[in-house]
Every structure is written in C-alpha cells, then in structure tokens.
Amino acid sequence: MKPSSDTWIVTASCPSRLGTVDVVTRFMAESANYINEIHSFDDRVLDQFFLRIEFTPEDENFSPEQFNQHFARRAKPFEMTWQLYPVTKKDRVAILVSKFDHCLNDLLFRYRTGQLNIEVPVIISNHPDLESLAKWHNIPYYHLPITPETKREQEEQILQLIEQYQVDLVVLARYMQVLSPEMCAALNGRAINIHHSLLPGFKGARPYHQAWEKGVKMVGATAHYVNNDLDEGPIITQGIQPVDHAHYPEDLISKGQDVERITLFNAVRYHVERRVFLSGNRTVVFSN
Amino acid sequence: MKPSSDTWIVTASCPSRLGTVDVVTRFMAESANYINEIHSFDDRVLDQFFLRIEFTPEDENFSPEQFNQHFARRAKPFEMTWQLYPVTKKDRVAILVSKFDHCLNDLLFRYRTGQLNIEVPVIISNHPDLESLAKWHNIPYYHLPITPETKREQEEQILQLIEQYQVDLVVLARYMQVLSPEMCAALNGRAINIHHSLLPGFKGARPYHQAWEKGVKMVGATAHYVNNDLDEGPIITQGIQPVDHAHYPEDLISKGQDVERITLFNAVRYHVERRVFLSGNRTVVFSN
Amino acid sequence: MKPSSDTWIVTASCPSRLGTVDVVTRFMAESANYINEIHSFDDRVLDQFFLRIEFTPEDENFSPEQFNQHFARRAKPFEMTWQLYPVTKKDRVAILVSKFDHCLNDLLFRYRTGQLNIEVPVIISNHPDLESLAKWHNIPYYHLPITPETKREQEEQILQLIEQYQVDLVVLARYMQVLSPEMCAALNGRAINIHHSLLPGFKGARPYHQAWEKGVKMVGATAHYVNNDLDEGPIITQGIQPVDHAHYPEDLISKGQDVERITLFNAVRYHVERRVFLSGNRTVVFSN
Amino acid sequence: MKPSSDTWIVTASCPSRLGTVDVVTRFMAESANYINEIHSFDDRVLDQFFLRIEFTPEDENFSPEQFNQHFARRAKPFEMTWQLYPVTKKDRVAILVSKFDHCLNDLLFRYRTGQLNIEVPVIISNHPDLESLAKWHNIPYYHLPITPETKREQEEQILQLIEQYQVDLVVLARYMQVLSPEMCAALNGRAINIHHSLLPGFKGARPYHQAWEKGVKMVGATAHYVNNDLDEGPIITQGIQPVDHAHYPEDLISKGQDVERITLFNAVRYHVERRVFLSGNRTVVFSN
C-alpha cells in the first residue's frame, strides 16, 4: 500500500515480554494516532521483539518531538528502542558503481519515477564510464580512481563525500572493489551490497564462473548489509533465475542482471520503508 | 511459524476508527496474554478493519469463556466481531471428490503427516473410484451417485452427512458437479472450491481446453469460497504454471495438477489457520 | 547461448511429412554448415512442422544468396518456406510510447548495453514527455499528437515514419491508443504490443482496476502480436506478479511495471532471435 | 507433449564435427522414421555433441535390432554412441527411503496415475515405518536395518535386491544414510539423490539448520546423480522456496517438502524420458 503524505512509521524493538505490543498501541490510541497497519514478530530463539506500525495522526499539528518525549517514558521499562519517520522524508542515498550500469540504471529509473522514495545526492565510481548517466539525472558524479597504493586514501575520499552530502544509506550497486576492514566498519549497518550469487554459495570473485563450473540449474543474487566480514553481512533479500546447460558463464552474467537489479531494488525499498530489523546476523523483514 | 500447543488465535473485524488495535491489545496485556504475532489491515475503500493475533496465555488456566465474556464489553462500542480458537482445535473437513485423486491424495497426505491441522471425518463422491484411498486412511467414504433427476436428493444427502459428521469446512477437491443454487446457499462461506484456471479467465467447463485454444503461455488454478454465483466466489489464493506450444490440452491437464493441489492446500491451510477474512467479494489473507 | 558473429539462423515451416528435418539437415551437411543447435516441433493438430537452426558456415565466404538459391530446389517438394538471417543483422525497431516510460527505459537500456540485438532508429509518441530520454540515446523522437478527428491522419504519419526509417518491427511499449483497423492491418505480423493483464482476462481499458475489483491474487502482462482484433493477437509470452489485499489499483499499476517490461523485453528478444512462429492464432516459441 | 504408444526415442552423443545432425536425420528419413521433435546441443567448451529425437516409425513392423544394426555403420565414423528406447518401455525404479514419506508418497502417486512412466518393483528402507504405504501399492517392501557394523553387509543386500528385481534406476527418496564409496561406485550413473539444499550450498547434514543459521531468504532442493563424492554428483535439476524470518528450522523442513518432492519427480521424469546427458560433471537436460 502506497502510504499517503500524512503517514508516519514507527519501528520498535526490545526483549520479549508481556505487554510489548500494548505499550505501543495504547500510546497510539491515547495520542490519537490512527494505525493503518501493524506487524510484529517475536524471535523465540533470541527472545527479541520487533514491531512496525504505519499510522496517520488525527491531530493535524502532530509533533514528532512530543511523540518521542512522551513515548520515552512508556518505552523505558521495556528497554525498548524505537524510531519515528514521516513517509515524506526521503533518505539520502549515495550510489557506488564501477562499470556495470544495470543496477544504477534501475535505481535511477525508480528514483526519478517515484517508485523509490529517495534522494540521490551523489554517485561515486572508480571509473569514469557512467558519468553521462548521472549527468542526465542531474546528479553529481565523482570519479575516484583506485590503485592498491591509494586504496585507503580513496576510501577516505568516499567517506568525506558521504559526510558532505549527508548520506543516510550507501548502496554498492555492483561496485567491484573489496572494501578495507576500516571502510566496512565505517559503513557498518548503513550500506547495502548486491552479491551476484545465492550466498553463502559462491562467495568471492567471479561467482557466475563458479556456478557454471558446478553445473547449477539456478543462479541468484543476494542483497545484504555490509559488515566486517566480506559477503557475510546480514541478508536482506535474495532472488533467483533458472538457467540450463546452454548458458555459458557470459550468459549467466547477462541473465543474472535482471535478478541483481530487482533484488537490490527490493532491499533498498525495504530499508527505506523501515521494513528491515537486525536480529543478530539475521534480518527480520516485514515485506509486502 | 508452527505455533505450540498452548497458542490461541483471535481474529477481529469492525468499521475503521481510532483505537481498533488498542482495544484488543490492551485487553490482551491486561489479561496476561502474550502476543506472538499481530497483523492488521485497514481497507481504505470499505473503511473496514481486520486483525489477527497469535497469542499464548500466561495463565495456565486460561478460560476462553471468560475471554469472550470480558472482551464483549470492550468490543461493543467498536461494533467489533471476533472469534477465538485454540490451535489445538482441528477443523473437521469433509472432502468432496469425483474421479481425479491428485487433490484428495495431497490433502490426505498433509492431513496424516500433520502439515494440515485438520480432521477428515468423511469423504463423499459421486463415483466409487476413490474408496480404497479413503479406506487406507480409515475415513468413511460415501458413494452418492447423481443423475439430473436425483441431483437435489443427492445434495440433500450430502448436507445430511455434513451435519451428521459435524463438519466445519467442505472442500470441493475437483468435485465435478455444478452445485444447485440451494446447495451453494447452504454451503455459503464454509466451502472452498478449486477451479483449474486463473479466474476470472476461463470460467466454466474445460478451462484447459479453453486455455489451449487461446494459446496462453501460463495456466493456473484458483481456490475460492463457494457462493451463489458459480466460479465467482471470493478468491483466496491462486497459483500458476508456465506452459508452451508443445503442451496439448491433455498435457495442460497433467501439468496443472501440481498447481491445483498446492493452491487448494494453501487455501485450506489459510482458512483453518484463520488467516482469511471476507471483505465484500474480496478476501483479506494474512499469509505467511 | 550468445551466438558468435559468424552465426546464422535458418527457420523453416511446412506441412508435416516424412523427411522435413532431413531435407534441411542434409543440405546443411552437404553445404558444410555446422549446426550449433537444432529445434523442431510438429503441431499434431494443424499438421504443421516448425524448425529453427543456429549454424556456423565452415566456408568463410558463405553466400546467403547461394544458400537460398540451392535450398529452394530442396524445399519445393515439401512446400517449405524458410528464412535465413545473420545474427549480425540488427532488426530496426520503432518504439511507440505515450507517457509511461518503464518499458521504453528498459528496452533502451538493453539496446544500448547490447542485451537486445537491435537498432532503434525512431521513437514515436502522442505526447512530448519522453523526448529527453530519446535524446540522451541519440534517437529521433517524433511527437505526433492525436485527437479523435486526426486519428487516421496521425496513423498515416506513423506509417510513413515506419517506411522512412525502414523499420522491421514496431513495439507498442505502453502506447495508450487503440489502433484503427486499418492501422492494425498495416502492422499485422510486424508489431508487438504489451497488455497489462494475463489475456484473455481483463481485456480492454484499466485492467488493473478490473483485477482489483475481482480480488485476484496475481496480476500479469501479455506480449502479443497485433492483429485485427484488439487484445486478441497471438500471444508470444506472459509474466505474472503475486499481489495481495493490501494492493490498491494504484499499487497494482506500480507492481505490474516490472512484469510488463520484462515480458515485453522477452517477446522482442524472442522475435528478433527468430524464435517465434505463427501457428494459426497461436505461437510456437523456441525459448531459451 | 505426451508421446503416443508407437513413439521411440533415440539419444546420441559424439565429439563435435560437421554432419553430426545429418548422419542421424538422414538415416531417420531413409528408414522412414517420422521425427516428432529434435533437439541438439553442442558444448563449445568440451567440443561434445548431444542429440535427442522423438520419432514414430512409419513401418508398423519397426525393428529396433535392425535400426541399431544399420545405424552402427553410420555412427562409427563419428565415434557416436546412441541409445534407442520405445516409450512403452517402463524403467524399473527401486526407491530407497528412511522415515520421511513425502517424496515416496509423491513418486508412488505419480506412478499409479501414470504421470511417471515407470515400474516400481521394490521399495527398500532402513526403517519399518513406510511398509503399509508400499503394501497399499502392492509393492514389495524390504526392511534392512543398518548399524555402523552392518553397513557394508546391508549395502550388499540392497545391491542384491537391485539385481534380483532387474532395477534400471535407484532413487534415494530422502534415504538418510551416507553411502559407502563402494556403494556409490556400484550405483554410479544409475542412482538419483535428492539433497535438501541448493547445492553446492549447505552440503552435508542438517542443511535447513545451516540455512536458518545463515538467515537465507530462500531454501531449495537439488536432484543429482550419485557419484563417488557425496553431494557432488552432477546436478539434474533444482527447485526453490522463498522463506522469511518467521520460519524456524522446523518450518523450513516442512516448507521444503514440496520443493524436494517436485524437484525429485522432475529429475526422475527427465531421466526416464531420456532428457539427461552427462557432460563431464555437468548435465545437459533437454527439459520440456
């Protein structure tokens, strides 16, 4: 459901115990916030509670500051953390690319047609190739070449741009560089990568070639958060594509593009719509 | 999530207004019922609210009578209807068949392995063919032949069996008879049919032959509630199967069997797990 | 399999009889053409034979004229029609659009990255909106507005452009105009349309609204050849997208875009790769 | 297409060179065998040619012995191996099971309804549980318990039964024993196993538990030939099932059953319909 402009989202999480839903919904009723949709999940293994609510304030002068201030008192006994977002707020998303443009083209298409409720303040690449695509969308494009010697320096430049452009989320849209541990740490939890295999299968380089060697009948893509361990970050979503014996590695690369871009789009959408929660190294995703 | 034996489900519906979620969840907290999962939906067009909660009472002596009695006072101002079920309660499902046994075989397999949380007290058919399959599962099998002259009489016999065996749900598992309007009315809301096309396409007889004539590249199946208008009842779920030029009508019939049985299974499962709500001639389904 | 630049395709069709495959493959062997892939189908109902071969000439000076001249003698007794194409030949594809650009954007992306082996010499629209997208791809864009009074005149202009630009195939990429019977006749067999429903369900206008009214759980798209009867042309391929109660018509429109564009892309690809044969009002598609 | 009773299948393979198709199709024409469908593939990497033809002899007294005798002369210069089967011949399939019966139940259902063109002369298990299911289908059931000490002995018993019942194909339908290298060698190329993950991901024991640990959003199943290396045999086909955070390992086990049984059924069907060729450690599958 496309929420209307006066819709807000509140997400919350805390240890599982009696009353976790009630403490939120009671507050919503008392403060005259109309719940459009509520979804919760209790992780029985970790004893952790997750909640997502879309609501419309009945008060036209709804104040998020007052919401947060008043709700803090209710949340405290539950050790509940929560976050409040207006759906009108667009996350500022930086896109990192190399030479492949299928993911970039797809994200930009959905950005300019409004399918993705985001801003794209900056595109960064280690190659100059995709500048004209950025330009046509009136988005600043930074070409930051990289060599083994300049890797840390280049990554510092990226981090500076991320700060300068007040970026909320970094999307690695087939950015073909292995991030340094420092860079991973700096982006932890606020960067999404697309890997062109069904992780944990075919980690590392040239996954489609690995897949062909094994003679698999399905290839896939995995969108995951970046964390310290390459290709091991929490998985947000995955997609697949059936293939057969007639597909050589170069065909898998071509066939896989549609899965990669749709999988990455879904992950970004789930993230900016506040549908994703971290639960250890796994994710809770209230998809729709 | 497979609920444990002390899990209960409450479903509720009422006109949309502020506090609909709160009135339920507050009651749940006050009566010490732990919410495992909550899901709601507000139909913006019909202004109708739908809610499903899975919960575990903290009180070992949880009394559904007391729940209903106490909650009635809360529900009344909202004009809310609700229903309470223990997941240990197995719906009593009567299965109607003709000669095709793929849906029957599938339902019985899931029934005896516990995938479907149901009892099957009786199987009814207008043909004798499937008796041995019923017998092997120790389920009474009634062969009620039908002719144009005996149709109403045969339907009366079916209705008597439904009453005699205290049936909660009737499943038409490829029962190849057009029900009379009286029979439809008698089963309204408590019978699920599987139609072997993606309704509203290819209504009526021989849908796979119709599909072949049109040269479609996908065939499907639709599970829906029975209502007065044949093949027009509210759709619960649908499934599809890609096909190509090499599939003649008899191949479509064979190919479609897997879609039919999985689609029918899903519909029955959603129904008995209290995931389906009627909303006009449409359904709200909190699938999982 | 992506064929290499010296690959040719031959397609053939004739009434079914003994020796149909042999007459082609014997000729291929005798003329030293290496068969990479062969696929045939015999329609038992229409008694019609269809064949598609990808081959590589061993003779570097392969002459298509000689092929055609020599093969004609072999084909005649079988009443066989055939066509020969070098894979290096790019079909010239004119794209017709209105205001929606998801299909156009997708086709142009695949055209410029080489996924679609085509030329796009011209884009024609009844609206000015998508000119800049065409411009960025250096493709001439003709804005030909239309009114009930000017319909035939505008269609004449389109036909003239099709001739002027030596167009092989016309793609109606969500072109929101009902073609006149004359226009349909003029484009018969060389135009592909995308309809946003699983035909024959939800023909005509606003199919997503129709689908919502019926409460279907799947929406889809159909790519078909244009013929005289609107939305009744031979189906090339279809795609689907599961939906649920939370999707209002405007959500279906948004959700359906991915299915529409991938379905249209597949149809165009099958067509230009010579994988599609007409068989009455049905198609034979040797997909891969 | 369901072939009629007078249909034969010929499969052939040899090193790639000019005339491989022709040598077969010319022979077919000269010996008055009508080709219903032909499909070929040339593996560019291994330079190996694969061919499958479905044909109907025009001669009512078609003699496979004469076919083989005469074709041998043609095949020799190409070093071509081939095999000829009447579709009326039913492969004799032994099914090995443990306690899970979803795959067994599915195979037996398709066997008794004719969807699978096989005989099932014997069912073998290391547990007594599934005997009554075998009995109901009038199939001998051998309970051969196994301990670490009796493993080789039990495997010998299985091999004797396979010989005694003239078994063409062994299907490991969730047979929960690791075969010894000797047993693997004895079954090499004539046994199909179903593994409950998308190989090469989650090899070995408890793949659904492994999948849950990793937080994957899709689980799958892989049907493969048995060879010496456990879970490394050539893959025939794979299937998938989307899952989410609410699925615990026990839910994945339950959810995965439908994928396992359909994937195993498809692999067995492809095998008995002579659609599968070995190509190194990969397979060529002319699926339909």
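As written, the chain order gives the labels A, B, C and D, with residue 1 at the start of each chain.
Just so we're on the same page, a contact is a pair of C-beta atoms (placed from the backbone, for glycine too) under 8 Å apart; a residue touches a chain by one contact, two chains touch by 3 or more.
Note that the coordinates shown come from a computational prediction; the quantities given were computed from them, not determined experimentally.
Interface comparison, C-D versus A-C: the higher count of C-beta contacts falls to C-D. Matched by residue number, over half of the contacts between the chains of B-C recur in the interface of A-D, chosen from A-B, A-D or B-D. Of all chains, the one whose Cα centroid sits at the greatest distance from that of subunit D is A. For the touching copies subunit A and subunit D, the fraction of interface residue numbers used by both exceeds half; the interface is of the same-residue type.
Computed from the mean C-alpha positions, the centre of subunit A lies at a distance of 36 Å from the centre of subunit C. Chain geometry summary: the mean Cα position of subunit A and that of subunit D are 41 Å apart. In subunit A, the residues that reach two or more other chains under the touch definition are 1, 37, 41, 44, 244, 246, 248. Contact residues of subunit C toward subunit D in the complex are 1, 18-23, 25-26, 28-30, 32, 34-42, 44, 58. For subunit A in complex with subunit C, the touching residues are 1-2, 37, 101-102, 105, 109, 113, 115, 132, 136, 244, 246-248, 250-251, 254, 257-258, 262, 288.
Of all residues in subunit C, those touching subunit B in their complex are 41, 43-45, 198-202, 214-218, 220, 234-238, 240, 244-246, 248, 279, 281-285, 287.
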